[in-house]
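Okay, so chain A shows up in both of these, paired with chain B first and chain C after.
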Partner chain A sequence: MRSASLQIHLAFKLTTALLAVAGSVVLLLTLTRLIPGDPATVILGSRATPEAVAALNARIGLDKPLIEQVFAFFRRLFSGDLGQDVFNGRPVLGLVLGALPNTAALAISAMLCAIAFGVPLALLSARRPGGRVDRLVAFLSVGFISTPSFVVSVFLLMVFSVTLRWFPVLGAGESGDLGDQLWHLVLPTAALAAGWIGYIARLLRSSLLEMLGENHIRTLRAYGVSEAKILMKYALKPAVLPTVAVVGMGFGELLGGAVFAEVIFNRPGLGSLIYDAIRTRNYPVVQGGVFVIVLLYVLTNLIADLSQSLIDPRERARLASGRGQ
Partner chain B sequence: MTEALLTIENLNVSYRGNGRSAHILDGVDIKIGRGQSVGLVGESGSGKSTVAFTLLGLLADNAEVSAGYAAFDGRTRNFAARETASLRGTDIAMVFQDPMTALNPMFTIGTQLVDIQRRRFPRESRKALWARAEAVLADVGVQDAAARMHRYPHEFSGGMRQRVVIAMALLVEPKLLIADEPTTALDATIEAQVVEVLHRLRQRTSASMLVVSHSMGLIAELCDSVVVMYGGTVVESGKVADVLHRPRHPYTQALLACEIDPYAAFDPSQDLATIPGNVPDPARRPQGCIFADRCPARHDRCRERPPQRHARDGQNYSCWLEVA
Partner chain C sequence: MTALVDLSRRPGGTFALFAVTLLCLVAIAAPLIAPYGPNAIAPASRLMDPSLQHWLGTDQLGRDILSRLIFGARVALGISLSVIAISLTAGVALGVGAALSPRAVDLVIVGIFDIVTSFPSIILALALVAVFGPGLGNVVLLVSIVFIPHFGRVARAQTIAIRNSPFIEAEKVLGAETWRVILHHVTPNIIGPIFVLACMDIPVVITIEAGLSFLGLGVRPPLASWGNLLNDGYTYLDQSPWLATFSGLSLMLATLGFALLGEALRDTLDPKLRKNL
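So, the complex of A and B:
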C-alpha cells in the first residue's frame, strides 16, 4: 500500500517532466522556423542553386511540415540519434556528450561554491538581523545579484588574469591534467557563482528568520538550548526547504547560463557549442544541444523536488499515506 | 521553609515602539513558596503570560523590564538584565500553550527531548538522556514510549503532544514549573486527561508551580493560591478557597460569574454571563482604578488609584469598596 502511493507520486512527477520535455521540443522546432532568414541561404550562400537548397532542406528535414518534424525528432531520439552536424555530418549526440562534461563541471562547481558561501553568510546574517554583519551581507548580496555574470566575468578576467596574472585567461586546461583543469575552472566558477551566493544568502536568511520566530524555537530557548544549536540545527533544517527548490532550478539555469562564461573564457562546452552552432545556422546541433539542456533542467528540478520530500518528515508521511497527488 | 522560592515586587514591563510606549505590567507583586502552586488568572490581555515570559527572559527585544525587588531560590536576581536566561532549562521550565506548534516538525520527539536536557545535565551521555526521556514519556502516559521516541510530532495527537511538552518540563527537574495555559488549545476530554497528568505531577514532585490560565476551574484544581490580574495589575490575591468563595474585588466577582458550571442544567433561554467592555489599551491606561470603566460598583473615588487592602486571612485586593 505504502510503496504503491509513492510509485503513483513518482509516476505523476515523471509524466509531468516528460510532458515538459516534449513541449519544449515542439517550441524549439517552431522557433527554428521562426528565425528570420532561410537556413539554407545562410549555410550555402546567396548564390546556391535551388537544387542544392532543396537537397539541404531535405537533409535537415526542413521540407516537411512542423508536426512531422516533431515526430521525426522523437523517432530518431528513441534510437539515440540527435541528428547530424550540417557541415561535416558528425552525429550531434557525440558532439553534445563531448561538450557536456566541461559544462557540467562548471555548473556543479559554481553551485557548490554558491552553497558553500551562501549558507554561512545566511547563518551569519540571521544571527543578528539588522546588525552590522547583516547589513554588510545584504549590501554585497544585492550587488552580486544585480551584476550580470558576463560583467563579472570580464571584470575578473581583467583583474586576476590580465593585471595580476594569477589565473589563466582562456580555455579549459590540458585534458588529462586535473590540476590545470581546476585552475582554469576558478574564474568562470566565481563569475557564475557570485549572483547565486547573494541569492542563497538572502533567501535562506529570510526563511531562517521566519523559523526563528516560530513557537517551537521559543520552546528550545525556554530550555536554554544554545543559540548555535538552535540556528544550525533546529532552524536550518526547516528553513532550507525553499532554498533546495531554488538550487534545483538554479542548477538547470546554470547549465544554460554557462553560455556567457564559456564564450567569454573561451571554454569548450555546451554553451559555446550552441553559440557557435547558432552563428553558423547549424540547426541540428542547436536543437540537440538545447534538448540536452532542457532534459538536464527537468531532471535537476525533479531531483530537487524529491529531495525536498526526503528532508521533510511530514511530506514523507503524506506521500507514504497516499494523500499526495 | 519560610523563605519563598520566588519573590517579585513591583514588576513593571513596557514595550517601546513607533515613538510610543505601552505599559504591559504595572507594579505586579508575586510570591511563590517552595512546593507551593500558584495560579495566575485573568482574561486575554491581562498580562498573565507576560509575567511567565519575564521569568524566563523570553520577552521581545524592545521590552523594558524593571522590578523593585526580585529573588529566586535565595538569590536576588535582576530580571531587567535578562540574568534569568541562566535559569532556563535548569531551575525554571515551562509548559507552553499550544502543543501543536510547540514542537519542531522536522525532528523526532526523542531528539528534542534529549536536546532540552543538555543544559541541565551537561555531562550525561546521549544514551543516558535518551533513556531518561523514554522513562518520563511513559510516566506522563504515552503508550509504547520506546517506539514513540522515534516518531515525529505530526504523528502525535494534540493530547499526546501536550504530554510530550509536559515531559520536557519534568525532564529538567526544575525548581519552578510554569504552565502557560496548558489546556487552552485542547478539546474537553483531552483537557481532562492533561489536567489529570498535571495533578499527579503536582503530588509527586517537590517543584513549585505557576499555572497561568483564564480558567478559575483549572486553577482551583491545581493550585493552593491564586493571583487575579487585570490590565497588567494584580487586583486580588489569596488562597484559592478564599478567593473562590469570597471574592472581594468586583473584577474577581465578575470573572467568577463568567465561569460555566458544567453540571448545571442547560437553560437555552439564559445568556452566558459576560463582562461588558474591553481590557484597557496598554498605551492609554486610565489614571485611577484600571477596572473602573467596566465596574458595576464604580463611584467617584475610582478616578484615583485604589488602595491595597489586606484582609485578615491573607487575602489582598485593591479597591475603594469596603467589602464586608
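So, the complex of A and C:
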C-alpha cells in the first residue's frame, strides 16, 4: 500500500515535469515563429537568395506546421540531435555538452560556497534572536539577496583582479591545469553564491527558530542540555529539510543565473553560449541551449521535490497514508 | 500615516522608506536637479575623476555620471512600475478568471503558468528578447510576461480560498453579476497579498531590466539605464573605476530599498509572519 502510494506520487510528479518540458518546447518553437519578419531572412540578411532562405527555413523546420515541428524536435532529440549551428553547421548538442561542464562546475561550487557560509550564519543568528548578531545577519542577508549578481561580479573583478591583482581577470584557466581552473573559479563562484548565502541564512534561521519553539526542545532545556547541543544536534537536522528543497531548486536557478558571471568573467559555459547565439541571431543554438537549461531546471526541481518527500519522515508518513496528492 | 510609522519601526523599514523616497524624488525631479543633460557629450573631459565640476566624474564620452545616474533612476523606476502594473493587471485577471471558470479553462491557464515558470526568469527574458529584439517598449512588455504567473498564481489561490465564502454566495443569491462579484468582493479581498508581492517583485524587475541592459539586450544606448552605465563602467574598468562603482551602488540602493520595503510591508500587513521574522 505504502509503496503503491509512493509510486503514484512519483508518477504524478514525473508526469507534471514532463508536461512542463514539453510545454516549454512548444513555447520555444512558437517563439521562433513569432520573430518579426522571416527568421531565415533575419539570420542570413536581406541580401540572401530566396533559395538560401528556403533551405535555412527547411533546416530549422519552419517549413512545417508547428505540431509537426514539435514532434520532429522530440524525434531528433531522442536520436541525439538538437539541430545545427546556422553558421558553421556544427551540432548544437555538441556545443551544449561542451559548455555544460563549465556551467555545472560554477553552479556546484557556488552552491557549496553558499551552504558553507549560509549555514553558520543561520546558526549564529538563531542563537540569540533579535540580538545584535541576528540583526546584522538579517541586514546582510537581505543585502546579499537583493544585490544583483552582475553588480557583485563587476565589483569583485574591479577590486580583486584589476586593483589588487590577486585573481585572474578573465577566462576559465588552462585546460588540464586543475589548480589554475580552480583559481579562475573563485571570483565567479563568490559572485554567484552571494545571493544564495543570504537565502540559506534567512531560510534556515526561520526554520531553526520554529524548531526551537517545539515541545521536545523545551523538554531538552528542562533537562539542562546546553543550547549549543540543542541547536546543533536536535534543531538543525529537522530544520534543514526546507532548506534542502530550496537548495535543490536554487541549483537550477544558478544554471540560468550563471550567464552574467560567464559573460563578465569571459568564461565558456551554457550562459555565454546562449548570449553569443542571441547576439548573432543563431536561433537553433539559442533554442538548444535554453531547452537544456529548462530541462535541467525542471529536473533539479523534481529531484528537490522528491528528495524532500523521501527525506522527511512526516512527508513519507503522509504519502504512506494515501494523502499524497 | 499610522501604517508609515509602523513600517518605519520594522527592521530596515526606516532605511527602506528613505531609499525609496529618495529614488522617487530623484526620478520625478531629474530635469531640475541634474547638473548636466544626460547625453551632453564633452570629449575633452572623458573618464574624469570626481571633481567640483563633475561630482561623480565623467564617462568615456565625457558625459556627467551624476546626471546620467539621476536620469537612470527614471528609467529604472519607470520600467519597473510599468512592468508591475501590466503583469499585476494581467496576472490578477487571469488568476481570478481561472479560479472562477470551469475546470477545463482553469487547467489551461494553470498549464500556461507552469510552462512559463519552467524557465528561469532571466533565461525566459533572454529568450523573449532574442525573438522580439531589445528596446524600451519590448523590455517592458517581455519582462511583464515573465512576471504574469507570479501574480496569477497568488490571485488564483486567494480567489479559490474565498470563492465559496458566505458573503460571495450571498451576493450571488441576491443576483449580482459575475463582474460585480469580482470587482466589488473578490478583488478587494485578494489585493493585500498581491500588493506586497508587487513591492517584493520591484527589485527583481529592476535587476532583470538592468541585467538585460548590461548585456546590451535591454534599453538601447544612449538612454541612461543603470545597466547600460554599468556596462560602460565594466568596459573601461581598467581606466576609471568610478562609472562602474556609482552605477553599481545606485542599483544596490534601489534593489535593497525596495526589498526591505517589501519585507517591512509584508510584516506590517501580515501579523502572522511577525513572530518568525
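Just so it is clear, the second predicted complex is superposed on the first by the 308 of 325 C-alpha atoms of A that agree within 3 Å, B and C clash if a C-alpha of one lies under 4 Å from a C-alpha of the other, contacts with A are read in each partner's own complex, and residues count from 1 in each chain.
We take it that contacts are C-beta pairs under 8 Å (C-beta built on N, C-alpha and C of every residue); 3 or more make two chains touch, one makes a residue touch a chain.
Not measured: the values here are computed from a predicted model.
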Looking at the overlay on chain A, is there a clash between chain B and chain C, or do the two fit? fit
Which of the two partners, first being chain B and second being chain C, lies in contact with A:M111: first, second, both, or neither? neither
Scan A:V162 for contacts with chain B and chain C and give back first, second, both or neither. second
On chain A, which partner's contacts cover more residues, chain B's or chain C's? C
Quick one: classify A:G257 as touching chain B (first), chain C (second), both or neither. second
Considering only touches as defined above, state whether A:S146 meets chain B (first), chain C (second), both or neither. second
Once the shared chain is lined up, is A:V286 touching chain B (first), chain C (second), both, or neither of them? second
Considering only the touch criterion stated at the top, classify A:S24 as touching first (chain B), second (chain C), both, or neither. second
On the A-aligned overlay, A:K229 touches which partner chain: chain B = first, chain C = second, or both, or neither? first
Lowest inter-chain C-alpha distance for chain C and chain B in the superposed arrangement, angstrom: 14
Under the definition above, what is the set of chain A residues touching chain C in their complex? 16, 19-21, 23-24, 26-28, 31-32, 34-36, 135, 138-139, 142-143, 145-148, 150-151, 154-155, 157-158, 162-163, 206, 209-210, 252-253, 255-257, 259-260, 263-264, 274-275, 277-279, 281, 283, 286, 290, 293-294, 297-298
Along chain A, where are the residues that touch chain B in the complex? 214-226, 229, 233-234, 237-238, 311-314, 317
Which chain B residues qualify as touching chain A in the complex? 56, 58, 85-86, 88-90, 93-94, 96, 98, 101-107, 112, 115-116, 118-119, 152, 154-155, 165, 168, 172
For a test of understanding, state which residues of chain C touch chain A in their complex under the given definition. 11-12, 111, 114-116, 118-123, 126-133, 203, 207, 210-211, 214-217, 230, 233-234, 237-238, 241, 244-245, 248, 251-252, 255-256, 258-260, 263, 276-277
